[in-house]
Amino acid sequence: MAFDHVTWIKAASYLGSGLAVGFGAIGAALGEGYTAGKANQVLAYRPRMSGDILKTMLVGQAVAESAAIFALVISMLLVFGGLGGPTPLSAWAYLGAGLAAGLSAVGSGVGSGFPAAAACEGIGRQPKASGQVTLIMLIGSAITQTPCIFGLVIAFLLMFVDFSAKPYYPYWAALLGAGLSTGLAAIGPGAGGGLVGASACKSVARHPEAQRPVTTAMLVGIGTTQSTAIYGFLISLILLFKSFPASTSYVPSFALLGAGFAMGFGGIGPGIGEGITGGYALDQVGRIPEKATLLTRTMLVGQAVSESTGIYSLVVALLLVLNA
Amino acid sequence: MEELTKVWTWSLDVAGFHLVFNATTIVMTLTIMGLLIAFGWFATRQTGLVPNPFQVVAELFVETFWNLTKDALDEDMAKTYFPLICSLFMFLLLCNWIGIFPYMEEPTKDLNTTLGLGLMGFFIAHYAGIKTKGFAAYAKEYFQPVFFMMPLNVIGELAKVISISFRLYGNIMGGSIIILVVSHLVYGLLIPPFLYAFFGLFVGTVQAFVFTMLTLVYISVQVK
Amino acid sequence: MKDFKKKRDTLEYLALVTQLGLTMAGSILFCFVIGYFLDKWLHTKGLFLVIFIVLGVVGGAVTVYRQITQLPKE
Amino acid sequence: MEFSGADLIRAAALLGAGLAMGLGAIGPGVGEGYAAGKACEAIGRRPEEAGLLTRTMLVGQAVSESTGIYSLVVALLLMFVVQ
Amino acid sequence: MKGDPLERADLSGYHGYQRRLARGAFTVSVMTGLLAYVAGYGAAAKGLVLGSLFSVLNFVLMAQILPYQLGVGANRTRATGIALGSLGVRLALMAVPLIVAARSDRFNFWAAAAGLFTIPVAIFVDHAFLQRFSRFRIQEH
């Protein structure tokens, strides 16, 4: 059975669109479900606070949902944007775009749920600090969206840069690998950034006067957490724009695909791990703000060591790309 | 991305070896050296109580890095190594900044430059160690805490060179890649200037400082 | 000036800490290259590669440990 | 596109290298992060023991790093030794 | 479930906040759209207003669903299921302006897509800047 390339491109863009919006919705829904669960717990012992808790939840979820909306925009563009291409290479580009947008929305969606839940809990505990807690929550979940924006940028590049003059082998793997690398590598940092933001909200609720050290430590913590997402983004850019010679075998194609998988999966673990570290460190910053410097330094050392596996993945991915 | 890999080279065959010279890097490095020498000449030409602008800038650099070196090393040791540290920073700063100007390329975008600077720091640090402690004490340190740690210690010292040079190279190269991609994206001239400014100035300054700082720290570790 | 000193301390700390992972990777890569060329030279299939990678890993770990213990205390 | 058996083996080895490193990095990353987090918590409780706790944290992380290093070794072997 | 806590709850502040935010965000986006229209970017203006209209609609729907979701939140699996369902419905709703804008020349697609982010941006601006000044602060209790 043989189809012409138009069929393949259509099929791939529909598949990519479904993956994008599906993954995006799942991530945001998991985050919202977690928030609802936490809010319900708080409501059980603070029924009077329901108005404030609902307000916090609403604000948190409306911001968290932007990850899903990014995925929706990509998905609609894939179906209705009138995209096409002269060669079957475009099919892989559109599939990669859908994967990048969808997978990266999972991490940010789940991650934004954590600060929202922690903020509900914190406001239930310390109603007077609601202004500070909401502000920290908003900053935390806004920065948590950064990996998702990386995915969006890669998806746009895959959709709108013209690759049609390139050889089919090994470019199909480069395009798919670019999508996978950014998409998968964004999951860990998204969720990890959420964990840091959640602990920051808890800390501010406990000690509203420690808002400044907590905000600084949170920004540092989320910043280092997102370094693996930046590695994934970098590998994607190299895969997209480095010129590969046309090949007559499968070897370079699978090397490029392997590079995408290596950096993509390799970014998940360090991202989550660094987020856990940052979370515990911020809990303690809120408890004893006068030791904030010591705690931030210990956090940085721990994060740097757990980042090393991410750097191994980056090295392996680079070697695979250069070998191709 | 093709623009990044395309470099202007001179190749030469000497005694059976095929030598390739990276012409862009050589020319840009020489330009920067010329600029720095000119700067030094202007700054010290007419020193006085009412300084000329060049002298103000030079005094700022000297004062900052004198304090820095004094903190890390002893006072008399600092006198020996301060000129190196200060000029290394000024050289790197100019290297990282020069990409802002059109038709100019950062020499630090070439791994050869950064690896050369890293090796320079390595040799100077070990020379300083041998000179202050004597060769026997220096060599003995490699067999601390137990004798079979020797290969590991050697690897550790060499790894420092690689990591320090790859770090500078990676940061400057990463900045260039992102600027190129964005230029591809917008097909225009609106955003790239800001990006040039950001990557060239901010990241360049931080990385130059970090490289200098690390070289200083490596020297101070060897000396102590 | 006080403020600059404080900022500089933070920057120095950050520089040293972000160097850790790179040191580990650099040491492994360095040993990997040595092992790779030894393998090519002696026509062994991956023996020296494995030995040198393990050496690089342990050496990197030792260096990282040293660097962390040498980090400036507050 | 024709392909030989050797080609297929090499291609599978390269893809396998990528997957080995990628999947192998998940566990150590999370584990080391957890260890560091617990260390931060303990330092918050007893800041005067920071040095001892940092050293213990590093030993624990070095042990959990070993699986990541195994993946790295396997990935490099797959890339450069399998022909 | 013994005694729905929401029945005893005071939700007037919540509804007030929601109404104030939705109205403010929509007014600002319509103003921006008018300015853009006068400046000659007709398609972009229409797209922006269309996008922000659906963003506000989505926000109102979400706000109406939330109290219900809070009630079932004790069971996390059910809460997640309901969140997924409501998110699916709302995403389908938000797809409408994008499809319309992609199919028709009278609406700019990118402006419509930007309009969908009206509410998150409004929330952020509201909390980061406006809450600092007492004139705009929400009346607490």
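Residue numbering begins at 1 within each chain, and the chains themselves are lettered A, B, C, D and E in the order written.
Here is the rule we use: a residue touches a chain if its C-beta (ideal position, glycine included) is under 8 Å from a C-beta of that chain, and two chains touch if they have at least 3 such contacts.
In this text, all values refer to a predicted model and were calculated from it rather than measured experimentally.
Considering the contact criterion stated above, the chains in touch with chain B and with chain C alike are A. Within the contact network of the assembly, the step distance from chain D to chain E comes to 2. Ignoring chain A while keeping the rest fixed, chain connectivity by touch breaks into the groups B, C, D | E.
Located most centrally within the structure is A, per distance between chain CA means and the overall CA mean. For chain B, the chain with the farthest CA centroid is E. Counted by C-beta pairs in contact, the busier of A-E and A-D is A-D. With centres taken as mean Cα positions, chain E sits 50 Å from chain C.
With centres defined as mean CA coordinates, chain B is found 34 Å away from chain A. Averaged C-alpha coordinates give centres for chain A and chain C that are 28 Å from one another. Work out the mean CA point of chain B and of chain D, and you get 31 Å between them. Touching of two or more other chains is recorded for residues 54, 58, 65, 69, 72, 76 of chain D.
In chain E, no residue touches at least two other chains.
By the definition given earlier, chain contacts exist for A-B, A-C, A-D, A-E, B-C, C-D. Partner chain B is touched in their complex by these residues of chain A: 156-157, 161, 234, 237-238, 240-243.
Per the touch definition, chain B reaches chain A in the complex via residues 1-2, 5, 174, 177-178, 180-181, 184-185.
Within the complex, the chain C residues that touch chain A are 13-14, 17-18, 20-22, 24-25, 28-29, 64, 68, 71, 74. Chain contact summary for the complex, chain B toward chain C: residues 68, 149, 151-156, 158-160, 162-164, 166-167, 206, 209-210, 213-214, 217, 221. Across the interface of their complex, chain D is touched by residues 169, 184, 188, 192, 248-251, 253-255, 257-281, 283-285, 287-288, 291, 294-295, 298-299, 301-303, 305-306, 308-310, 312-313, 316-317, 319-320, 323 of chain A.
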